[in-house]
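The data blocks that follow each hold one structure.
What follows is a pair of complexes built around subunit A, which joins subunit B in one and subunit C in the other.
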Partner chain A sequence: MGMAKTEYFAKRIKTVHEEEGEYRIIEIILPDREAEPLGQDETLEIIGKPHTRVEALDILTGKAKYTGDVMLPGMLYSRLLRSSKARAKITNVDVGKAEEMPGVKAVYVLPKEQVNYQGDIIAAVAAETEDIAEDAMRAIEVDYEELNHVVNVDMAMRSNATQIREGGNLSRPRTSERGSVEEGFSQADKIVEAEYSTQFELHQPLETHGQMVHWKDDEILYYKTTQGVQSARDAIVRELRREYPDENISSNNVRVVTNFFGGGFGSKLGANNFVAVTARLSKITNAPVKMILNRYEESLDTGNRPNSVQKYKIGVKNDGTLTAIELEAHGSGGISSGNDNLTTPTNEMYTCPNTRTTVGSVYINAGNKKPTRAPGYPQAFFGFECLMDEAADAIGMDPLELRKKNYADKSAGGTGRPYTSNGLMQCYEIGAEKIGWSRRNKTPGSDSGVKKRGMGMADLQWGGGGYAGAVIEVDIFKDGTVNVRNGSQDIGTGTKTIMAQVAAEELGLEIKDINVQIGDSNFPPGIQSGGSNTAASVCPAVRNGALEALRKLYPIVASRFNVDPEELESVKGRIQVKDKENIGMYFKEAAALMPENKVMGEGRRAPNPREYAGATFGVHFCEVEVDTETGLVKVLKAAAVHDSGRIINPLTAHNQVVGGVNQAVDYALTAERIMDNYTGCVTNPNLLDYKVITAMDVPEIDVFFVDIVDPYWNNLGMKGLGEPPRIALAAAVANAIYNATGVRFRDIPITPDKILEGLAARKEGGS
Partner chain B sequence: MSKSHQKDSGGDNGFSRRSFLKGVGTGVISTAVLPGVVSAGKYAEKIQSPQEWVTSDAITLNVNGENRRVTVESRATLVSVLRNELNLTGTKNGCGTGECGACTVLIDGEPAYSCLTLAMDAVGRKIVTIEGLAENGQLSPVQQAFLEYDGYQCGYCTPGQIMAAEGLLAKNPNPSTEEIKRGMSGNLCRCAAYQHIFISVAEAAKKGGR
Partner chain C sequence: MKNFAFVRARSVKEAVLSLGTDWNEAAVMGGGTDLIGEMKNYVHTPNKVVNLRAVPDLKYIKQDGNLIKIGALTSIAAVETDTLIKSNFAALSKAASLVASPQLRNMGTIAGNICQRPRCWYYRDSGIECLRKGGRLCYAMVGENKYHAVLGGLGCYIVHPSDTAVSFTAFDAKIKIAHPDGEKEVNIEEFFVLPEDDLNRENILKPNEIVTEISVPIPENGTKSTFIKVQERGVWDFAVAGVAVSLKLDGNRCDKARIVLGAAAPIPWRSLDAEKELEGRTINEETAQRAADASVYNNMPMTGNAYKVQLFKNIVKRAILELV
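Entry: the complex of A and B
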C-alpha cells in the first residue's frame, strides 16, 4: 500500500465536480491504470444483457432487512413529538406525565425556543414498545405562544407580509446572462410570453425515514435509511461533535449501514434533522434506539420538491430559429434556504445565443426542501417545454420540427463545449414513430366528442454521467470467488446487479461468482446515490478494480507457462494467453495457487474529459384523453426514448424509465402538497389525499434506448438514468391536453377543476 | 379492502386511528375518542395513562401454518405483532392507516391490510405472510415471476404486492390486464414499477398461479 500511495499522490489532479447542479473544484486521484474503453462494437457477454437482481431472493421472500426491520437485543423504540403549529414560541414543555409512564426510558426536549413549521421537532421519547413510545409522546404537554405564519408563496412575497425570518422572506435573486436578449428579441419574428407554475411535491417513499442508533463505547452504529452511507456518516460526525464536544466522535467510530433501502427519490440524501436526537436517546439509555417516522411525519418533515413560478419570454424567427429567451422565476424551499435549478432548459437545451435568467427564492413556514428526483428539472422543463409548444404554435410549426431545428451539439445553448454524445435526433425519430405523431390533431381541439384525445411531446436533458471519487476493492479469494466492495448503496435501482455484471464481464466469470458488498460506510470511498451519478461513477471503477486484481493474479499463471503476464486474459472462467485457449488454466485453479488467501485490486475512475460536456438526453411523447364533462385526464400511452449511453442492464433500465414516467403522471395531474393558509398546516399529509399514481392510472409505456455508446465520457461509455425519466412527461401531458382541447393549462397538477374551468373560459370566448 | 380510518396524526390532532383502535380493542372506551382538535395536554388529562385501560392477553395466531403463542395488548395491530413479536419483518408498515398496502397478508386466503387488523381479531384464522410462500427454498410462481420480470425496484412494497397477487390469482386464475390492475390497485408502488408488476402477475397466472 505504501508504494501505491506514493504513486497515487503523484497523480492527483483538480477537476470540476458536479452534483445536483452544484459545481465545485475537487482534487481526485487518477486510476493507476485505466481500462481500455469499451466501444460501440465491442462483443460483451454480460454487460448489456438483461439480468435479474442479485438480491432478488432476499427481497421476494421477505428476508431482506430494511432499516426498520433490524432488531437488536434490548432495543428501545422512539417517537418524536412535533409541532402542531406553523410558527410559535414554545413557552413550556411538560414531560412529567410521559416520564412517569411504565416502560418509558427517556424523554428529551430539544433546546428550541421557536418552531417554524408544522412538524418541527420538539421532543423525543424512548420506550420499551412502539405503543408506549407513542403514548408517552402524546402525553407531553406543550404550551405555544402562536406567532403569525406564512405558508403561501404569493402571500410571503407581498410587501406587507409577515417576515418569518431575519433577512426577510425573499432571497436576493440570482441573474445570469449570455449574449444580449434585447438584441435577440429585436431579431425575432414572433415573441411569446407565458407564465407557468408548478406545485410542491412530496417524495413519499413507501419506506419512511428512520434509523436505529446504538451508541456503544467504541462505536456509534447507525442503521439508517440513507442514500449516502458515507455522506451521512460525515454529517453525523459533524453534528454529534457539535452536540458532544467532549466525546470521541470521529469518522473511524461512527458507522452507517444501509443494507436494503425502500425508496428515497432524493429525500434520504444527507443525514436529516433527527440524526442527533436518536443518538442522544441511545446514549442516555445505553441501549439501541429505533426511530421510524410514520406517514404523517414523512409528509411534513422529510423534504419536498419546491414549487415554482416561471415567467418566460422567447423570441423566434419564422423558420423556427430561437433568438432570445428570458426567464424570471422563483420558488420556495419552505423554511430552508435555496431553491432548485430552474435555468437548464433556458440555458442548455437548444441552440440560442441570447439568454437571461433571474431566479429567486421565497421562505415560508413549511418543511425543508430536499432534492427530489431531478431537482429543478421537472419544474423547469414543464414550463420551458410548454413554452416551446406555444412558440411552435405562434409560427405555425410542428413542435417536433421546432425542436429539431434548434438541436444543440454543444453545451451552453450551442456556445460551449461539444457534447461527448447527444442522441436527441435518434430519440425524435423513434419516439415520433412509436406514438404515431403523424396521427395527432393538426388543429388543436379538433377531436370531436365528449372525450377528446390529443398528443404532446417534450424534451429532457440531465447531467448524471458520474464522476471520479469512488474506489472499488475487488478481492479474489483462494477458492476463486470474488468480492466487490464499495461504500455506495443500492437505492432500489439495481446498482448491486450492474456492479456484479461489470465485475463478471471483466473477470471472465459469471454473476453468481461475484458478491457485491455495499451499503456500509466502512467500505472504500463510495458515491452518494443522487443525480443519476452512481452507476456511471462506480461501474468504470469496478472495471479498473477487476483489472487491478487480475494483474496480481496473472504473474502466478504467467510463470507456469513462461509467458509475459501482459499477454494474459481472463475469459469464460479461464486465464489464458490471448486468443490461445490451450495455454492457460481455469480461473479457480489459478486462484488456488495464490500464496496469500486473497488478492485485492483497487479501482478508481478516471475524471470526465475536460474538453467535452456530458449530458443525458431524451424525449417523451404521450397521448391523453380528456373527458370534457368530468375534467378527468387519462394518459393513455407514452413513448419514452432515452440517450443514456451504454445500457448495462436493459431489464432494470426499462423498469427505471417506467417508474419515472409513471411518477411524472401524478406530478402532471394529481400530486400536490396542499397547505391551509389559516392554520398553516398541511391538509393532506397521507397517501390517501396526497394523490400518487396507482395501478389504475398508469399509461401504456413504450421504452426505448438509442444505441449510442458514449465515446469519451468513461471507459464503459455509460451515462446516468435515474432522473431523466422523471423530467419531461408533465410538459408532454400539458401539450397533449392542449392538442386535445385547444386550451392551454399552465399550472400543474392539471386537476379536473382546472380543466373544467379552462374549457368553460374558452366557451365564453377567452383562452 | 377498507380504506376508512385514514387519519393518523402526530401529536395532538385529536381523532386518530390509534385512539380509535384503542376504543375498538377494549370495546368500552369509545369515550376515549375525542373528536375535534384538542391539545396534547388535554388529551393526557383525560387519559392519565392509556396503559391502564389497555388489556393484555395471551393469544394463539396461526401464521404460515404454525401456531404461535404471543401476549399482546388489545390494541395491537397484526402488522405490529408479526414484526415486533414474531420477527416476521417481511410484512412492511408503510403508512399504518390502510392507504398503501405494504402490510398486505393473506387471512383465510384473502388479502388483508394487517395494519387495519387487530391481532386479536386474527385469532383462529389462517395467516400467511411473505415468509410463508416459498416451500423448501422453492419460490411460488408469483415470487418467481416477480424475480424474472423485475416486478419491483426498491422492494419495500413487494411483499404486499406479492400477497395481493397471490390472493388475486387464488380467486381468479386467469385475470385480464384490467382485472390485474384492479386486483393490485390496493397496493401502492412508489417507485411505480407497475407495468413490471402487471406482467409478473400475468406470467405467474400463465404458469398456474399458486
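Entry: the complex of A and C
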C-alpha cells in the first residue's frame, strides 16, 4: 500500500506574518513534530541562565572580522560621489581628471538626471587605495542646475510650497476608525487636546554601512553589513538582474556573508542603494571592491526615523475610563518613503471602544527613512503616553492608576482577540516599587530649589515577535560535536549565544559543545533581524531541529539496550532511558556508533496561534533632575520592566534593555537631525553635532523581566525584546520633567533652549 | 584626506620658516585633534603639515617669579591636573577638565586649544563657502543658529570654541608668539580678533607665526576663581555657554573682578560692564544679579539663540555666588 499523499508531502499552512508593523499572509511548512512546550515550572539547565556571548572573546581581542576588516587579494577601494545639492538637475559629469589619476581603476557615473537630496549618489570610483579613491571622487566635476528644494516639513505642507515630486508633497492620509468617537466624546467628563512633535532621528550604528563585493565568473560574493543575509541576497539578485539582464545572476550564485555585525537598528535591513554600483565596479575591474561608508555618508543616506506631528483628542470619565481617542498625525520619510505607523498606542494600548486615526506623510528633499528600532513606536508612544499623563492630570488621578484602570487583556483596545499573555500589571508593581513612585511630587513643580526633581512613567507595547519560516539544521557529527546552522545573522543582540543555549539544553550538552553557524545566505532559511523577530522565530525551531537530530540518533542507542527510542532522553551529556541513569551511554559514545559521519535534524517553527494576539509589554519609570538655570536635564534613574515572555539569556536581555534606554535618553534630550532650509543640507552629519549620549549621561538603569512564560506563543514561551526597550522612555522623561517643573514640553528633543524658554513663558504667564 | 608633505620641525625657528606666508600652503600641528578633523573633512587642505611634536622644550608648566609659564605643547590634561595651576587658577584647571574628552585632552595641546578653528557647522561643511572661508554669506544668520554668537558677531556669528581661552582671559594671560624674525608677546585680549577686524581668522597669528608659550601672572592674595560650562551632554561637547569668573575679595567685598563669557562671541568675551557692577561692592544675590544682567549688555540674538542671553545671566550669577 502506498503512503498517503498527505503524509508523503510536507504539510503546509497559511499563517499571518508580521514584520515592521506590516502584516501579510504567508504559507509555511509545518514542523513534522513540535517539541513539547516548556512551561513556567520547567527545570532548565542552560535556558534562562546568564551567559556571555559565545563570540565575546573574539570581539574583545580583535579576532572577529567585521565587514570592514575583510581583506581579499587584489582588492580595490571605492568611494561614492554624492550630491552636495538638495535638488538639482545634473547637466554634466566630467570624469576626465579622475580617470587620469594614477591608481584609479574605474569611474562609473550613474544614469541619473536629477538629484533629490544631499547625499544622493552620482558616481563611484574604484582605486588601489582608499585615499586615491577619495581624491579621484573629489576630482569628478559635476555641473548642477539647481532647483528649488524643500527640507522642512511645515514648509512642504504649505499650499504655496514647491512641489518636489509628481503627485505633490503630501500623500493621501490613511484613516481608520473603530466605534464612534463622537459618541465616545459625548460620554466623557473631560476632554484633553494636545499636540506633540518628534524629531528626525538617525540610526548611527557604531559600524557604518559597507560591503566588499567580488564578482567572479561563477559567484558574486558579498561581505556585507546587513541585518538579513538572505533578504539582502534576494534584493541583490533582483537589482543585478535588472542592471545585467544578460548575465547569470541567481539565488544560487549570489552569496551574502555577514560574520560580525556592528549595529544596524533597522538601517541595514534589505540591500541599500549602493549594492549594485559596487558590483558593477567589481565587474569592470575584475577585482574585489570594498566600499565602506564614512560617518558623513552614514548620516545622510542610510535612513532615518521620520519626524512626527501628532494632534490628539482624548475623552476620559472622572473614574479614568477612556471613552474616545482621536489622532491626526503626519510625518516625513524623506524623498520617496511614506510615514511610519503611528496608530498603535491609540488603537491597541488601552481599553477604549472608540478611536479614529488619520495619518499622512509629507515628502521633502532628504534621505529616505528606514525602519528605525521600533518604527513609529517611539514617536507615537511619546505623544500618546504624554497625553495619558495630561489626561490623568485633568481628572486628578495618579497617572499609574489611569493606566491600570484601562488595562487591556484583548487586542484592538479590548475589542479583538485575547492576548496570549499581558504582564503589564506585574510590570507596574515592580517598576513603581523600584523607582519609588510614592516619592514623586504630588503637585508638579513643587520641588523647591534651582535643581528640581521629578518622576514620570510610560507604557510600551510591541508585536509578539517571531513567526514561522526559519529552518534550522542541527548536525550531530560522529565525534559527538554539534553544528547548528541557519541563514539568520547576529545583529549584536546575542542570537548565536541563545541558539547555542537552546540547542545545548535540548541535546543535554553544554554551550561549548555547540558551534552555531549563521550569517551566510547559503545556510538554511533564516529570519532577517528586524521587528524583534529573530530570537522567537529561531529558538523554537532550534528545539525542533535538535529533537529531529536526536530522533535519528536514538534508535542506535535503543537497539543496544533493547528499549523503545521514545523512552530515551538526552541529559547531561548522556543518552539514557528517561529517569534511569544506569541504562544509557555518553552522547559521544552514541555518536561514535553512527554509521554515517553525521546526522542532520531539520527544525521548523510552528505558526503563531490564530485564536490569540501576541504582544510584548513593558513600562519605563524614570527620575530626572532639571537644572532650571541651565536648562540641562539629567536622567538620574530609569526602571525598565518588561514582559517579553521567557528570557533565554538574562545577561544579553539585560544589555538589550540598557541599550534601548540609552538610545531613548538621547531621543528625549539631545539627538536630532538638523537641516538647513536655505542650503538644503544636514548641518550635523557627524557624531559631535548629532548628539548621541555619552557614558557620562547614562542613568542608573534597573532592568527587570517579569519572566512570564507565554502559554501559547511558541514552544519556548518566549517573545521579542529587540525593540521594546526603545519605545517608552522619552515619554517617561517628558512626564518626569513636567512632574519636576510643572511645565509641559511636547516637542522632543527637550534641549536647554526649550527648557529655558518654557520656564520663562510660565513665569511670564504668572502660573 | 588630501596628500600633503609632512615636516617634522626640530626647532621653533625651523617650524616658522617651514610655514611660509600662505594659509592654504602650510598648517601647523600640535596635538592634531582639530587640524586632522579639518583635513579629513576637506575644510582645510594644506599641502604641507608642520608638526611641532619633535620641537624640544615646549612642554612645561613652571613658575618664573610672579608668572606661571605654560609651554605650547603642554597637554590639556597636564594643565587640568597640575597643582600649581589648581592652586592659583582654579577656573583654568576646571576649564581644562571640561574640554572634550579624556582622550582628546591627552592628545590636545594648550596652544592648540586656544588656537582652535570655529565649530560653526557651516564653516565645518566643506561644501559651503561661508563668509569666514572667503564666501559672501554668513549662513548662520539666516539658518540654524542655536549655538551661535549673541555678542560681538558682525557679519560672522561664530563663537570661539576654546574653554581654556576663556579662563586665560580672566587671568590676564600673555601669549608669546614666534615668527621668522624672533618673538613677541601680546596680552591675550589683543590676541583674539573680532570679525569686524578680520573676517577669516580668530586671532592675530600670521601664517608663519606660532604660539610658543602662555604665561599667567599669579593672582593677588584673596583671589578666587571658577568656571562653568554648559554642555548638552556630559562629555565630548563644546560649550553652549561658558563663563570664567575671577574675583579678588576682601571678605565679601570685591576689589577686582574679571568676568569672561565663552561661546558667547567670536572671541572670549570679557564683560567690563559686569565687572564694574562688582568692583568696590559687596557680593550678594542682588549685586550678582546686576552683574549677570550687565554681562550680556548689547546682546543681539538671532532667530534661534535668544535663550543663550538668559542662560548667560544665569551662569554668571551662579559663578559669582559660588565664590563667596
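Throughout what follows, the second predicted complex is superposed on the first by the 754 of 767 C-alpha atoms of A that agree within 3 Å, B and C clash if a C-alpha of one lies under 4 Å from a C-alpha of the other, contacts with A are read in each partner's own complex, and residues count from 1 in each chain.
One rule holds for everything that comes next: a contact is a pair of C-beta atoms (placed from the backbone, for glycine too) under 8 Å apart; a residue touches a chain by one contact, two chains touch by 3 or more.
Quick caveat, the model's predicted, so the values are computed rather than measured.
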Review point. Which partner does A:Leu60 contact after superposing on A: first (subunit B), second (subunit C), both, neither?
Key: first
Exercise for review: Quick one: classify A:Asp94 as touching subunit B (first), subunit C (second), both or neither.
Suggested key: first
Point to revise | subunit B versus subunit C as contact partner of A:Asp707, first or second or both or neither | key: neither
Check your understanding: Now for A:Glu182: first (subunit B), second (subunit C), both, or neither, which partner does it touch?
Key -> neither
Review point. Between subunit B (first) and subunit C (second), which does A:Asn684 come into contact with in this model arrangement: first, second, both, or neither?
Key: second
Review point. Can A:Asp753 be said to touch subunit B (first), subunit C (second), both, or neither?
Key: second
Check your understanding: For subunit A, which side has the bigger count of touched residues, subunit B or subunit C?
Key -> B
Point to revise | First, second, both or neither for A:Thr630, with subunit B first and subunit C second | key: second
Exercise for review: Classify the contacts of A:Pro102 with the two partner chains as first (subunit B alone), second (subunit C alone), both, or neither.
Suggested key: first
Review point. Which partner does A:Asp131 reach: the first (subunit B), the second (subunit C), both, or neither?
Key: both
Exercise for review: Could you pull out which residues of subunit A sit against subunit B in one structure and against subunit C in the other?
Suggested key: 84, 131, 134-135, 138, 296, 688-689, 693-696
Exercise for review: Would you pull the subunit C residues touching subunit A in the complex into a rising list?
Suggested key: 1-3, 41-42, 101, 119, 121-122, 125, 127-128, 139, 142-144, 146, 230, 232-238, 240-241, 304-308, 310-311, 314-315, 318
Study note, to complete from the structure: Interface with subunit B, subunit A side, in the complex: residues 52-53, 55-57, 59-66, 68-69, 71, 80-84, 94, 97, 100-103, 119, 129-132, 134-135, 137-143, 204-208, 260-263, 265, 294-297, 300, 491-494, 651-652, 654-656, 658-660, 662-663, 686-689, 692-696, 698, 701
Practice item. Please give the residue numbers of subunit A that touch subunit C in the complex, ascending. Key: 84, 131, 134-135, 138, 296, 629-632, 666, 669-670, 674-679, 681, 683-684, 688-689, 691, 693-697, 751-753, 756-757, 760
Check your understanding: Quick one: in the complex, what on subunit B touches subunit A?
Key -> 3, 6-13, 18, 39-41, 43-44, 48-51, 54, 73, 75-76, 80, 83-84, 87-97, 99-100, 102, 129-131, 133-134, 139, 143, 146-148, 150, 152-159, 162, 181-182, 184-185, 187-198
